[in-house]
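Both complexes shown next keep chain A, but they swap its partner, so chain B is in the first and chain C is in the second.
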Partner chain A sequence: MRNPIRKAVDVAAVFLVAIYLAPIYWISLTSIKPMNEINSKEPVWIFEPTMEHYVQAFERFEFGKALLNSSIIVFSATFITMILALIAAYALSRMKMRGADVLSLFILSLRFMPAVVIAMPYYLMFLKAGLIDSHIGMIIVYVGYGLPFAVWIMRGFLKDLPKEIEEAARLDGLGWLSIIRRIILPLSGPGIAVTAIFTFVFNWNEYLFALYLTQANAVTLPIQIAKMVDAYTVLWGTISASVVMQLVPMVVVVFLLQRHMIRGLALGAVK
Partner chain B sequence: MTVSLKQLRKTFADGTDAVKSIDLDIEQGEFITLLGPSGCGKTTTLRLIAGLEEPTSGEIYINGRQVNDVDPGDRDIAMVFQSYALYPHMTALQNMTLNLTVSGLPKEEANKKALEVARTLGLENLLDKKPGKLSGGQRQRVALGRAMVRDPVCYLMDEPLSNLDLKLRELMRTELKRIHKKDKVTTVYVTHDQAEALILSDRVTVMNEGQIQQVGDPIEIYGNPANEFVAEFIGSPSINLIKADVTEDGLSAAGHLVSKRIISASNGIVTLGVRPEDVVLNDGQSDGLQGTIEFTEPQGGVAHAYVKLEHSEKVLKNREYLVVNIDVHESVKIGTTVGIQFRDDRINCFDSQTGLSIKPEK
Partner chain C sequence: MLRLNEGRVAFLLVLPTLIILIGLAIFPLGWAGAIAFRVENLFRPDIGKWVGLRNFKHLLAEDTFWKSIRLTLVWCLCVVSIQMVLGFLFAMMLDTRARIVGVLRTLIVIPVFISPIAMGLTWQFMFEPVAGVINYCLELLGLPGGTWHTSTDTALMAVMIADIWQWTPFVTLILLAGMQGISPEVIEAARLDRVRGWKYITNIVIPLIWPVVMVVLLLRLVDSIRVFDLIYIITRGGPGTATLVASVYDFTIFQAGRLGVMAAYGFLILIVINIVVILFLRLLYRQEKEARRVQKA
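What follows is the complex of A and B.
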């Protein structure tokens, strides 16, 4: 017989998952509901599905352009963040450096600031540098804002890797960069996956910086979706369709990376 | 000379003096052990030779070339780590060939070389396995293979057998001895296990507190220790250290003459080092040192008898009982009073203040 406590935990888990998934289910349903049924007083469960909201998102609100902008900015920013974070975290975790612990906490503390505090200075700087409403500008902001957190998480993972493996690699004639590329990188799969997921999801959903620093050319998805609400109407169907489409790349990225999140890859290296 | 250390020192950032000015010359083809208790500086010395630590001062020569500023990978040495340090994402073959391919050897040739080494180690069927799928002993062999395949001028081994169980350790010890006998590659071996050191080495270097206490072949280290520390560290059970007075007739302990050696000591007191096998028990009828057998510890072929001496605390320096080797078949009654004699030619004498060995005048 199963333990009743275990059973209660299972039920609670199912309940929790249901609470989390309910909005996603509802928004997916709304995205294919005809307009009049979205606006009906009673919730409608059975209806004729329609793709009109998806079409409208692309035709009326340039969803395709925003999707492309978001993809260029977020994938580039995440990629650059990961490379810089790996190198910085490796240095902080391995090289004998006075005050490495204090320095990493200081780096993380940059993230304690509310985003709005630095959004304004960014705006003024970017105005002078001609980076307002540009992909490069947004990539710089996301790399700068995401890096402290990424370095901090990666450092924790890298500190757990046995030092002897790197020493063996040094004796095998590998230089620092080769050690990172051939030894550290393959062994840091779980750390890289977790950090990349956090960085990607944050950047993909980021609203405030994009609101301040983009206008037309580099508008990202969250900003574009917000434009679907105006003073007179809220296009629930189009918003829902856009949100569903915005979710897809995130789900794909998380799905692709999560298989690397298995622990114990380093098993067998020592002892 | 394969490896030469000249006044080598290592002080860590926290101020710890791990290695305090050591000089050591290691001959071509020699198997030399660095032996000592934890924290004695043996591993640091090995890591200095490997280039994994930078010396604070002093010089390191490998094959006549000063290597202080040479990268570990360019020192022509191979190291076997205590934890094996295999690359977990690579197969046994890739682990073994990484160095060869990095140094520019074509993959086929590297694989061929690795296969040859794998054959001598009985690894040929495990080459496509990753370390996670190998047992402790197999991992150890791969680590050894990784070192051997490089054909270095010197192997550095940092307690390579300490993670194995007793049976496997003995097996690998024999294997190491066989490989060394065949290839005659200079080997510097770090261990805290004296049995391992005595069995494997051509010469043993006993270290303590960052300094070399004695360098010598295993028989010399065991039979003629340079000081009390070496005497006590080598041998299991450890040597009996006995406080003795210098008299005109020889050396006496608790008023009984125990040795006819004539020795001069500044303060008239010396410490005698007597191995358990160099103590002879008799029926206790004659005048001499006496004691009572309190208990015995059978160890297979021999047993150790623990003898409580009269005024033990005044006579024995390092413990409560005098330990004596006896034949396990000898019937010894617990509680029996026995007479004690030492084999005079095997006794070691140490200065009671400096602990250094004193040679008898006659």
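What follows is the complex of A and C.
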């Protein structure tokens, strides 16, 4: 038997969520509107959809280059972060180690570091090392940026695996590396996926470091999109097409994560 | 030969991460700390020298500095409190086992995953005073349109709306995780005792998810103190200084080349964040001890 008040609340929730996401429909709609209908005073609802803004973004605003840069930098950084985080989190959560909790807290505390404070020394360091506006430089920065959070959530996931696993494996004569590779890795698949996706999302959306450390060659998507506002008279069609292309992967990510997301965020935030 | 016991192996496994974090966080932090006590100019590297506390004195004497502190304070208070309340209401709404709600839960978190740059531009487009869709909707409802991000009086409110929209779902999601952790027996017992409505919320739900509430509050506070992307993309801190919060102001100091002053301000932000984090962690720790004592008794 269902409570009628509860049912009303559920219906209200459907409407509320639909309205809540209105900005996202609006920007998507704008991205396929013909130029002269974007800035009309009365919003136009019926129109001939066009892909011209998407084409424009690639042809006039080097969207393709930024997309490639973002992909190279973010995928590489996420991959490196995950390898480091997995190994560190394994040691911190499943091995007998003095000071493991203090060390974990120290790593987590770096998540609270305001980017403004360290971006400027990065700039000076990179200037000296010749890494300004380079892919390698950005990959290094994003590894440091994502690592604290990745270690922390990965540690939460690994802690939840039953303790007896390693003992059995060790009795069978397996070494540390083979225990990680043959036993822990397969068992913590979902945890690894969630951690990797979160790391990917943070890097994909990051703006401040890229603003300091890129100029032309290694410009990432958020920077390139922001540049579109500065450079010419504001072309909302092209901007909205770029915004949509930048956010679509994130919407896909949300659906991939689904119920793991709550657990992932809760682990990162709560444990 | 060095014998590899478990502790040593574990330390070796953490070592790469530690080295990287020391190189990419602690070392630059130390460098910024040093620069805070020097005059350094981005455009004239030849004039660097130690000046003690002069950068801090400069800052404290600036009106714009105090304005940025006030703005950041107002920002944190408004944005975080509204996000907590709305986030809690949404979480209550979505805390059921109905099928459709599972889909809603997935949909509502989409804003959290979108870059503040993309969302900032979207809001800027919707806020446009003449051709923007928000003013159009207000007119449909017979309300006067606003000037939003384009005027000094309303700019702060406009960027607040954008931020509240983006991060309320984050609060919802984490509170929801907490609510779903409440054991069914407790809920059943409350139902049998006819604890309902407001009383159910204040006497059962809130005390049980209190640690989770504190953690989200901490995360939101820290992120609000250092907010940058969203405000920078919508207003660049303007019009005038209407939305010049701490991080945005600090960035404009960098652009002006005054690295010493910039580092000094960055350090003040860091100290404030540290104080907030330590206060919260102590509070949480004390509560946990209290809870354990109550459980024992």
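As a convention for this text, the second predicted complex is superposed on the first by the 236 of 271 C-alpha atoms of A that agree within 3 Å, B and C clash if a C-alpha of one lies under 4 Å from a C-alpha of the other, contacts with A are read in each partner's own complex, and residues count from 1 in each chain.
Here is the rule we go by: contacts are C-beta pairs under 8 Å (C-beta built on N, C-alpha and C of every residue); 3 or more make two chains touch, one makes a residue touch a chain.
Please read all numbers here as calculations on a predicted model, not as lab measurements.
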- For A:P186, decide between first (touching chain B), second (touching chain C), both and neither. first
- Query: Which one hits more chain A residues, chain B or chain C?
  - Reply: C
- Query: A:I225 contacts which: chain B (first), chain C (second), both, neither?
  - Reply: second
- Query: Once the shared chain is lined up, is A:K128 touching chain B (first), chain C (second), both, or neither of them?
  - Reply: neither
- Query: Between chain B (first) and chain C (second), which does A:I107 come into contact with in this model arrangement: first, second, both, or neither?
  - Reply: second
- Message: Taking the superposition on A as described, I'd like to know which of chain B and chain C A:K96 touches: first, second, both or neither.
- Response: both
- Message: Taking the superposition on A as described, I'd like to know which of chain B and chain C A:I165 touches: first, second, both or neither.
- Response: first
- Note on the structure: chain A residues where the chain B and chain C footprints coincide 96, 265-266, 269-270
- In their shared complex, at which residues does chain A touch chain B? 96, 162, 164-165, 167-174, 178, 183, 186-187, 265-271
- Query: Mind pulling up the chain B residues that touch chain A in the complex?
  - Reply: 13, 50-52, 71-74, 77-79, 81, 83-89, 98-99, 102-103, 130-134, 136, 139, 146, 163
- Message: Show me the residue ranges of chain C that touch chain A in the complex, using the header's touch definition.
- Response: 6-7, 9-11, 13-14, 16-18, 20-21, 23-25, 27-29, 31-32, 35, 90, 93-94, 96, 98, 100-102, 104-111, 113-119, 121-123, 125-126, 130-131, 133, 136, 165, 169-170, 173-174, 176-178, 180, 211-212, 215-216, 219, 222, 225-226, 228-229, 232-233, 247, 250-251, 254, 259, 262-263, 266-267, 269-270, 273-274, 277
- chain C partner, complex, touching residues on chain A are 6, 9-10, 12-14, 16-17, 20-21, 23-24, 26-27, 30, 39-43, 84-85, 87-88, 90-92, 95-98, 100, 103, 107, 109-110, 112-118, 120-122, 124-125, 140-141, 143-144, 147-148, 151, 176, 201, 204-205, 207-208, 212, 222, 225-226, 229, 236, 239-240, 243, 246-247, 250-251, 253-255, 258-259, 261-263, 265-266, 269-270
